[in-house]
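Structures incoming, each one as structure tokens.
Presented sequentially are two complexes of chain A, the first with chain B as partner and the second with chain C.
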Partner chain A sequence: MSAEVTTGKKTLITPFNVVVGIILFLGLIVTYLRFTKGLAGVTNLSDNNPWGLWISFDLLCGVALAAGGYTTSAACYVFGLKRYHTAVRPAILTAFLGYSLVVLALHYDVGRPWRLPYPFFVQSGPTSVLFEVGLCVFLYLITLFIEWVPAALEWLGIKKPRDVIIRMTLALTIFGVVLSTMHQSSLGALYLIAPSKLHPLWYSAYLPIFFFVSSIAAGLSMVIFEGTLSHHYLHDKMDATYRSEHDGVVLGFAKAAAVVLMGYFCIKIVGLALDNNWSYLFTGYGAWYLLEILGFVLLPAILYAIGVRERKLNLIKWTSVLTVLGIVLNRFNVSLVAFNWQLAPVDRYFPSWMEIALSLFIVTVGLLIFRFISTYMPIFYEEEKFREHASVELHEHPVKPHPQTFGH
Partner chain B sequence: MEHTFYTLHDFLVFTKGSAYYLMGAVILVLLGFWLFITGRDEEKFIK
Partner chain C sequence: MLRRTFLGLLGAGGISAVLGKAAHAAGNKHFEGYPGSFGVLFDATRCIGCRRCEAGCNKVNNLPPPPEPFDDLSVLNTKRRTHAWTYTVVNRYDNIPGAKGPVFRKNQCQHCLEPACASACFVKAFTKTPQGGVIWDGSVCVGCRYCMIACPFDIPTFEYDQVLAPRIMKCTLCNPQITSGQLTVPGCVGACPVEALVYGKRSDLINIARSRISAFPNLYLNHIYGEHEMGGTNWLYVSGVPFRNIGMREDLGVTPAPELTSGALAAVPLVAGLWPVLLLGIYAVNKRKDQVADQEKQEAVARAIARAQAEAKDTLDKALAKADENTKKAIEREVKKALEEAAKAPAEEEGE
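Let's turn to the complex of A and B:
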């Protein structure tokens, strides 16, 4: 929007702005209703289904799809793959916004949101998996904020604090990877408490491993997907280095995603064998399960492989969409579709339109903030003031300074 | 009275046995998959 206003080529009344305006308007109404009439006033939650769409989509999907932050920074700083350096800052921004919106959504979903800090500062429950998830998300959000701050400081032209944070990059990355490993898997572990409620095809003692491995594929795919959208809509905000390295990032991440997805598919099959759940495959739920693991896990793995082998970037980009949808489908299946599967249809949960509107509202807010930050701050390009400084820091690119100046 | 009574031991022997077979297949699948992905990389490298 800001770019449109600046250039003066377009009016504010565009289809995008109208749709965004409607979603924001509805979201604000639902926000008012949520905090005046309570959860019962806006949701279809019940004692049978105390966790609904806001947990399934905003939290489970939000955390999984924000995994691009730790996968990209781990690839670049821990594994030393510096050719992916240009992807780090957009990925960190996406992750930071993703986790921020997860916490925002929790304020709607928790009955008394002002008590969210209680488990950490007032009465902790360290034996609870949920406590571990909460603590990890809390600490990782702070870590992501610190990792993102250099972009804001460069935008403001503040050099010294920015340089201090830059020196902490490796430590922050390792801390972030450890925290992500813990809470991505623990989100799956949350459902270990409900073996009688979750359908056997989705319930497994290996749920934490499934959640963690699938989050890596989600993160890699989100970096490709987000990069594709950014290339389309924020092309003018990117410098030549970012543009030239983009295809290499897409191919490299697609190769990694193909291997991870194939590995994920294999451990899902082994999980089936260990629980001897083969007979369930021939039921209605079985067909749905097969659709998930064949259509949204095995198929993307093969498509990614073909895309990498044949250098078909468009195929890879569409496959990233398929993978992201697959991860969303998996989290929905575990937390909604296959949860309480034995209940009568009348007792099953389906979200109200206000729950859906609020989820759309939160995603839209995230998109707008991403667009604002990417437009004004050095996310896809390098601030001129820090360019010379960067060329000294980045030993890998002594001739062509790197656009991302945080890190080594 | 010819009904077979399966024990937990029977269950574990069966499921773990099938899992071991699957893991062997997984190694071969992943190896073949990796060779498929990187096949053209090698051609490019040789040229």
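Let's turn to the complex of A and C:
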């Protein structure tokens, strides 16, 4: 928990930099190949498997794991949990970067990326679930940008427009929650059209609800997980308020995540019962399904509950990792493992190393931008100049101790 | 069914009553296809697996020449699917119980009455033409490939090797060639030497299929594949062996693809309309709660101060009273002392 020693590192050849360098290098190579040789040059996609890792991980997981933005801002500004205020900015930044990277990744995946705005400006297909996903992601990305801009404006010392945006906080938050509800659920609804391709254990009329509810758990867990990482690596960028509120955020979010995961587990069972899919549980896919909902939904729900009850912060932090992995597992199961389950093994899809490299590249780019922004802009702390204004409209703070006067 | 279960989740019969109209695709309206639209009837009892339909299709659609010529029947040894360079394929199915020899089946776009691809496309690149064919418009396609995910028959294909302008490739029922007058029947139908393929109005084809089945009940299964599958298709099949034995899904159901997502899409305006109300309500309740809590706190503080003041005053009064008393006593004591001293003094004087 103590501050990382970041001073005195003069050499650029650190293990972190080497790994990042390799990933960036490979990513650039794959980028070059993708836009000179086409999708066939870099992916294992086929006519049977039109969607691969870039949709499963970069889109489905990316959007789910960026759900911290709307959950945190809703908790703070709508549900009135003002003690989570310091968690909002990191969560909004993560969400904004997450969605930006989702859109970046889509440029690699679709055949004609320059036409991505076509559904909104040239010809709309409103009968498509994908249209709804696209429209919501497009609007939400703009919303997140506006929500993030005050941090940049404070960094640049521009006051007027920043104050205008801060005054729109409630409207932006509600807009964000509405859009998130829609597209988080719609990502699940994408698969409603393919009941003949998705294994019955994962196909359900409730897919949109499953995706939405699990995105809340994903968002809460990502805030806990990221908070832990940030505490480790960006400790010196945090002000006293952030640090003093941090444990409260972890406990509060863990409590919420325990309840949400429990509810998610229940509706998964309801879905199973509704379609009378019990007999599938005794197959290989059934074992895999049980692993997912027992090991990565029920177990973290219980561990979160224990962590909150016993106030074991470390248990909560590890549980957040388990939950995040569980969400990733679920999205992979729906879009890859259980999708096209009836195809012959030889026709099934497995990503190429270049697809994996590009996904790593996208995540790495996100991490680097996050680190840059949170190093220079007021993300984990409040700008002295803007302090009293920041706490006027929607959230009133107790008097904050000055960073230097607060021992930690 | 699916829509109903989805709406059931929304938890209110009233809601489904309201939405019943908006999501009319799933209501009691049933689209039976454009009247007079054309289709093809494939008869698996007649097909000899000569691949001439593949050659005919290749020619009229200007597709690239295949690595093996069309008269090379060894390609039938492996199961094939449609690809960007071939809109239609014939597969051979051996060792089917009850069949005397191999059975062949031609596969291509089924031209659904309500196509999954068209419903799934977010730029409306697919059109179900009144003539029957489902065609694709390359001028708007983004290349997202959701149509390929959506198609229950695994038909649309993608030019993965194209960098700048990859296309979705699929059978058009030769719609462009027929409407422009270049052809009178699709390329495959024109090339079939054994009349395993018949091109005509869908309603007529269903009658032809029924009459064949009733004329030779021992030769045919009593089922026209495509009459109801996925809500009905313009391409129809009759066969002497179960359809699952010639590579066709028998578990697709009769629900048209658009109905599978209409329930979820109908919930969207509901969320857009209700969520802000709920969230603002929660916000308002919280704000009010805070205000009331603040007010109560202030009142409590005021009360506490008043009580403290009253208590303080009381204590002060008592203290003052006590002090008064003490002062009085002190004065009395002093006076008494003075008097005593005064009384003592003359006595002392006298004594001197």
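The working rule: the second predicted complex is superposed on the first by the 382 of 408 C-alpha atoms of A that agree within 3 Å, B and C clash if a C-alpha of one lies under 4 Å from a C-alpha of the other, contacts with A are read in each partner's own complex, and residues count from 1 in each chain.
Rule of thumb we're sticking to: a contact is a pair of C-beta atoms (placed from the backbone, for glycine too) under 8 Å apart; a residue touches a chain by one contact, two chains touch by 3 or more.
Because the structure is predicted, anything quoted here is derived from the model rather than measured.
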| item | value |
| --- | --- |
| Touched partner set for A:161, first chain B, second chain C, both or neither | neither |
| Touching partner for A:248 - first (chain B), second (chain C), both, neither | neither |
| Touching partner for A:259 - first (chain B), second (chain C), both, neither | first |
| Contacts of A:51 with chain B and chain C, given as first, second, both or neither | second |
| Touched partner set for A:308, first chain B, second chain C, both or neither | first |
| Between chain B and chain C, more extensive residue contact with chain A | C |
| First, second, both or neither for A:274, with chain B first and chain C second | both |
| On chain A, positions contacted by chain B and by chain C | 274 |
| Residues of chain C defined as touching chain A within the complex | 2-3, 5-6, 9, 81-84, 116, 118-125, 140-146, 148-150, 152, 154, 156-166, 249, 251-253, 257-258, 260-261, 263-265, 267-268, 271-272, 275-276, 279-280, 282-283, 286-287, 289-290 |
| Chain A contact footprint on chain B (complex, rising order) | 11, 14-16, 18-19, 22-23, 26, 29-30, 33-34, 36-37, 39-40 |
| Touching residues on chain A, where the partner in the complex is chain C | 35-41, 43, 45-48, 50-51, 74, 77-80, 109-113, 115-116, 118-119, 122-132, 134, 170, 174, 177-178, 181-182, 185-186, 189-197, 205-206, 208-209, 274 |
| Chain B contact footprint on chain A (complex, rising order) | 255, 258-259, 262-263, 266, 269-270, 273-276, 301, 305, 308-311 |
